[in-house]
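The following pair of complexes shares a single chain, chain A, combined with chain B in the former and chain C in the latter.
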Partner chain A sequence: MNKKVKNGINVFLFLLPALALFVGVLIAPIFMSTAYSFHDMGPLDKISKDNFIGFKNYIELFTSDSLNFPLALKNSLLLAFFSVFIQLPLSLGLALLLGKGIKGERGFLSVFFMPVLISTIIIGQLWLKIYNPDYGLLTRALEAIGVIKEGSPIIWLGDKKIALAAAFVPILWQYVGYHMLLMYAGVKGVSPDLREAAMLDGATDSQINRYIVIPCIKPIIKVSVIFAITGSLKSYDLIKVLTDGGPNHATEVPSTLMINFLFARNRFGLGSTVAVMLIILCFFFAIVVNRVFRRED
Partner chain B sequence: MAKETTKATAPPKDLSAYSIKKTNPVVKVIIYILLAIWTIINLFPLYWMFTFSLKTNPEIYGINVIGLPKEWHWEFYGLAMQRVNMLKLFGNSLLIAVASIAITIVVSLMATYALTRLVWKGSKLMNSFFMLGLTIPLHAALVPLFKAIKLVGLYDTYWALIIPYSAFSLAMAILICTGFMGEIPKDLDEAAYIDGCGVWGIFIRIIVPLMTPALATIGIYTFLQCWNEFMFASNFTSKLKTIPVGVQTFFGQHTTDWGIVGAALVIATFPTLLIYVFLSRKIQESFMAGAIKG
Partner chain C sequence: MKKIVALVLASVMALSIAGCGSTSAPKAGDKVKITMWCIATESDSNRPAYDKAIAEVTAAHPEIEFEWEATENEAYKTKIKAAAAANEMPDIFFTWGGAFLGEFVKNGRVYCLDDAYKNFTKDLPEAMLGNTTYDGKHYGVPLTMNIVGLFANMDHLNKVGYTEVPKTYDELVDCCDKLVAAGIIPFGCSGKEGWCVTEYIEPLIEKQIGAAALSDVFAKKASWNNADITKAVNTFQEWINKGYFDPSGIALGNDEVKNNFMQGKYAFYQNGTWNCADFAATDGLNVQVTEFPVMDSSKAKLGQLIGGPSDTLAVAASSKNAEVAANFAFELGKAICHYSYLSGSGLPAWNVDYETPDINELTKTVAGICNKADAYVLFGDTAMDADTAQIYLDYIGKIYGGEISGDDFVAGLTKDIG
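After this line comes the complex of A and B, so read on.
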């Protein structure tokens, strides 16, 4: 009995720092953000009965034409769609190519993963230079092969129609390697016996991939899909650097709006509402993706 | 044909070699061409960044867009160091990273010990509670943290970033620790207990020394989390800047001299890439750790 009590205290002491950090910085703020979202408040205000406005922030967010939240949400969902259906297949393809064992596998892997480690701010700045309408790498390359004429450049990030797609390219460029690495680890984990058995039965590479490797790494593909969707919903750094939501809100995403509400308009209640929406959407999509993959089995 | 059958009975480790040999040579060439194209797509922007950091504007603008610089203008690096105050940015980022790593390691080791080694009701539940941290976006905490930081006077201090970074790395650190701690046989704990070690003694003398391989993985993970972070860093501090924030503000003011801009980009990228060259395998492992188990 005595030992149990002592253990109880020790458990508490060992957990205390982690709990304090975790509850203080992650859990409590979720509740506070939720509370803020029901109030109309500035940076210095406290929540009180006077500034309680119920669901007004949420209603404003979804119905106001000037806040552009539905547009931002649509853009981030488009990014999620691009990520899942362009980026992930590319990652999977690379992972399958590398994972089956070829010469220089490690070297390719290391190069493909490298962009993940570079700060998104730097990647954003680099791509700003690549997209530069006058002297950028892309402009120059297209001029050289005659696709565009000198003096009539395409303003990649400044044209409403193509800005979002142009902003997606650096995101793709940076994160393909990340998903590739996760999937590669999965492909490497597929039992060689299974492969060998299939090979002896005369299965081709694509059959092995389709019927053995991909089903085996489904749990990892699931994680990748979740990361790709939640990552797109949360996307901020690259958009901030490349377009800051412009031109004319064409690349606005929830995070750029949130920062704008908070620090440009001092509307902390409304900003918190966007944060709460993001939490809800992240969990919602995580659950949906889990369901979809479970049903597939 | 005969060759194939002998190969097929070779031990599984040779299987990779076998499969590529069986592949049609044309297919093999196509595979390598695809990989080479993707390699170029990955490396060329970085190569271009490096070369324009050494060129003057006229050269970048027209005479020599993608070639190596005609004259290597290393002086842009000195100018970039000065104008961006790179050393100060480095110092800030490094201090914040090291402190966050230290806190994350100590706190996650202690928590994981309590969660996986000590016997108590609710340890599983507590573990899943911490794992919630893997899906909580930074955005969730931005507003309350901003207000709290202002309130207690931590705005524009190192702590304004160290505390959030440690907290947001915690879930993954515990996940990584759980994996590594599971490899340490529980018999060791019991032997130490019989020898008169208490719970703390076991933790400090047995567990901590055996967890050194985990420290590198956690350290790398936490480092990359905070080294590149932008949203908190740009809002919780103003004068005290980390590298991403400093670089971003600098570009708000300077966009004309491409050489200096490029030099600043290269300097800011260099440390991470240098570490990557030496620790690529370890870094890749620390990224895989979470996804595979999660």
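After this line comes the complex of A and C, so read on.
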């Protein structure tokens, strides 16, 4: 056996545990979910010819009025839109500001990053209290400044017209610090020589940011955009705590719907179909974002 | 050298993997390990009863090593279904009778308790096993039975001239009108948890169309297409429009609503009678309980109730010690029933062969209502299969949110369920 083949076998053997883990926890479940999605089955059923239904779950998902999948998809795409066009610019602004080396930089960094460190359940409970119509901070503050009349509170999470927006605010707020930190690391990585050269040429702060810093951290911005979009598509925890998809599905997102199909309705096939759709959408948007950034380059 | 290091590392990995998988057979005299999952969390009304019952039964069985854990109600439903799908259930698990347990039984996940039941026939009447019997076989140990009760804060009712809970429908409406005029919210109901809305709508429908008719609708023996159901649901919506319900309730969970009632925010709270213990133990809370009044006396009557024995313990078919677990589940079920009844968090599904001097007044009243019961209709979302129950709860949510009318409710359910 020549040395090259021997080395190849050694590399394979050493990679085998990681490969097995990767296949076991990621690839196999995707294949299993895909297989389940073609069957009409409960969580306790086994895949069989009898419950094979082809693409019926996919068709039902998009055509049924009562399943609310199009609404859930629209909600998560809306969240992705706000994440990209509100959350990320805010994060970028903060990263540029802090990256400049302002006074108390580390303190601000910790404060902005703190929501990321706190458990989502705690954040959810915190915002439930803020939104509480009886004693919530928001209601009380608006009453104090006369925006709303005392005794007629706004039901932030119970009114279909505003519940979605109210649920989005904590989600967007929580991850501003996360994206800020990613971008801050990029900003700090920009060579001071470039800044100094630009300053000597008379460039203003905003010109330095626009023509030097932002182009330099473009790969990080790309990663943030992918994380923001896929994170929005997969959002679950805060919605679960704040509204559980209600009132009457107004704040439903695909993940809450998926859990509902899997465990409340016992429709394992349909729940798996949502899982497959989420995987496809996440891959699709990751590829689109990559292409857009590549074309920009 | 590299090869030697690689060999040593590989050997260590192989040994550690082998170590992880090693099992040892139980020796004679070893304790039998029994595990249990339930919903008696720290905030659950039944928790004290579980604590006492477990302490008593485990003390009587030193040969059993008992481990248990409690999970919040809604999360528990997901957890137990996931465990059943993976066939990794605990030996004993809490479940609800009717369709919920039926799904597990249908898929062979539950151990048949017929043999174990033979030792407990004197203490547990067979009539109490109806919701856990499938194809003539028993699969559950009922713990307590509960009904939907109309709890009233008498301090609020006194303010509008009512010294006792309204007994007729007209009195109830009059009382609510007076409460609204006095600035008191009559009802609190959680919209975040659909089952809480059914605790209002189901008694309303039952007292309009009668217990037998409602039972048939839940069992799909009769259609939802019934003018009296439309009438009952429209009445419920009319109440919402008249301001009988707390508008904040739609965004609140049941614990928050219940807490609001206990703090005196509402005059009425219609929910399961498992709440009796908590209300009786709350200082300064002057509460009375009754059943929902009759709306149409030509079809319904007092004594037709929503509820029945539903809280149940079952044994997993996959249990390595199923026979031991089955006997243990019966003994534990009996003890939980005993202490739940004494603490007022449920009525006994088992025969009462003990003194009951300290039972609170609310539980005594509920026991009185049940003694005169004419018929029980199991909670709708428990009686229906999971998918149907979710469709039903979706429509219930739409009604509470004012999105559809009673006609739409009936038409929708007729189309989607039958």
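In this text, the second predicted complex is superposed on the first by the 283 of 297 C-alpha atoms of A that agree within 3 Å, B and C clash if a C-alpha of one lies under 4 Å from a C-alpha of the other, contacts with A are read in each partner's own complex, and residues count from 1 in each chain.
To be clear about the criterion, a residue touches a chain if its C-beta (ideal position, glycine included) is under 8 Å from a C-beta of that chain, and two chains touch if they have at least 3 such contacts.
Fair warning: this is a prediction, and the values are worked out from it, not measured in the lab.
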| item | value |
| --- | --- |
| Touched partner set for A:220, first chain B, second chain C, both or neither | first |
| Chain B versus chain C as contact partner of A:66, first or second or both or neither | second |
| Chain B versus chain C as contact partner of A:156, first or second or both or neither | second |
| Which of chain B and chain C A:247 touches, first, second, both or neither | second |
| First (chain B), second (chain C), both or neither touched by A:186 | first |
| Contacts of A:97 with chain B and chain C, given as first, second, both or neither | first |
| Which of chain B and chain C A:10 touches, first, second, both or neither | both |
| Broader residue contact with chain A after superposition on the shared chain, chain B or chain C | B |
| Which superposed partner A:268 touches (first chain B, second chain C, both, neither) | both |
| Partner chain(s) touched by A:42 [first = chain B, second = chain C, both, neither] | second |
| Set intersection of chain A contacts, chain C complex versus chain B complex | 10, 14, 17, 43, 134, 259, 262-263, 268 |
| Chain A-touching residues of chain C, taken from the complex the two chains share | 6, 13, 77-78, 81-82, 84-85, 103-104, 106-107, 109, 191-192, 247-252, 260, 265, 385-387, 390-391, 394, 397-398, 401, 403, 416 |
| Touching residues on chain A, where the partner in the complex is chain C | 10, 14, 17, 42-45, 66, 131-134, 153, 155-158, 160, 163, 243-244, 246-249, 259-260, 262-268 |
| Chain A residues within the chain B interface of the complex | 6-8, 10-11, 14-15, 17-19, 21-22, 24-30, 32-33, 36, 43, 94, 97-98, 100-103, 108-122, 125-127, 129-130, 134-135, 137, 140, 173, 177-178, 181-182, 185-186, 189, 192-193, 195-196, 199-200, 205, 220, 223-224, 227, 230, 233-234, 236-237, 240-241, 255, 258-259, 262-263, 268, 271-272, 274-276, 278-279, 282-283, 286 |
| In the complex, chain B residues that touch chain A | 8, 12-13, 15-20, 22-23, 27, 31-32, 34-35, 38-39, 41-43, 45-46, 48-49, 52, 60-62, 65-66, 103, 106-108, 110-111, 113-115, 118-120, 126, 130, 132-133, 135-147, 150, 163-164, 166-168, 170-171, 174, 199-200, 203, 224, 227-228, 230-231, 235, 243-245, 247-248, 251, 258, 261-262, 265, 268-269, 272-273, 276, 280, 283-284, 287-288, 291-292, 294 |
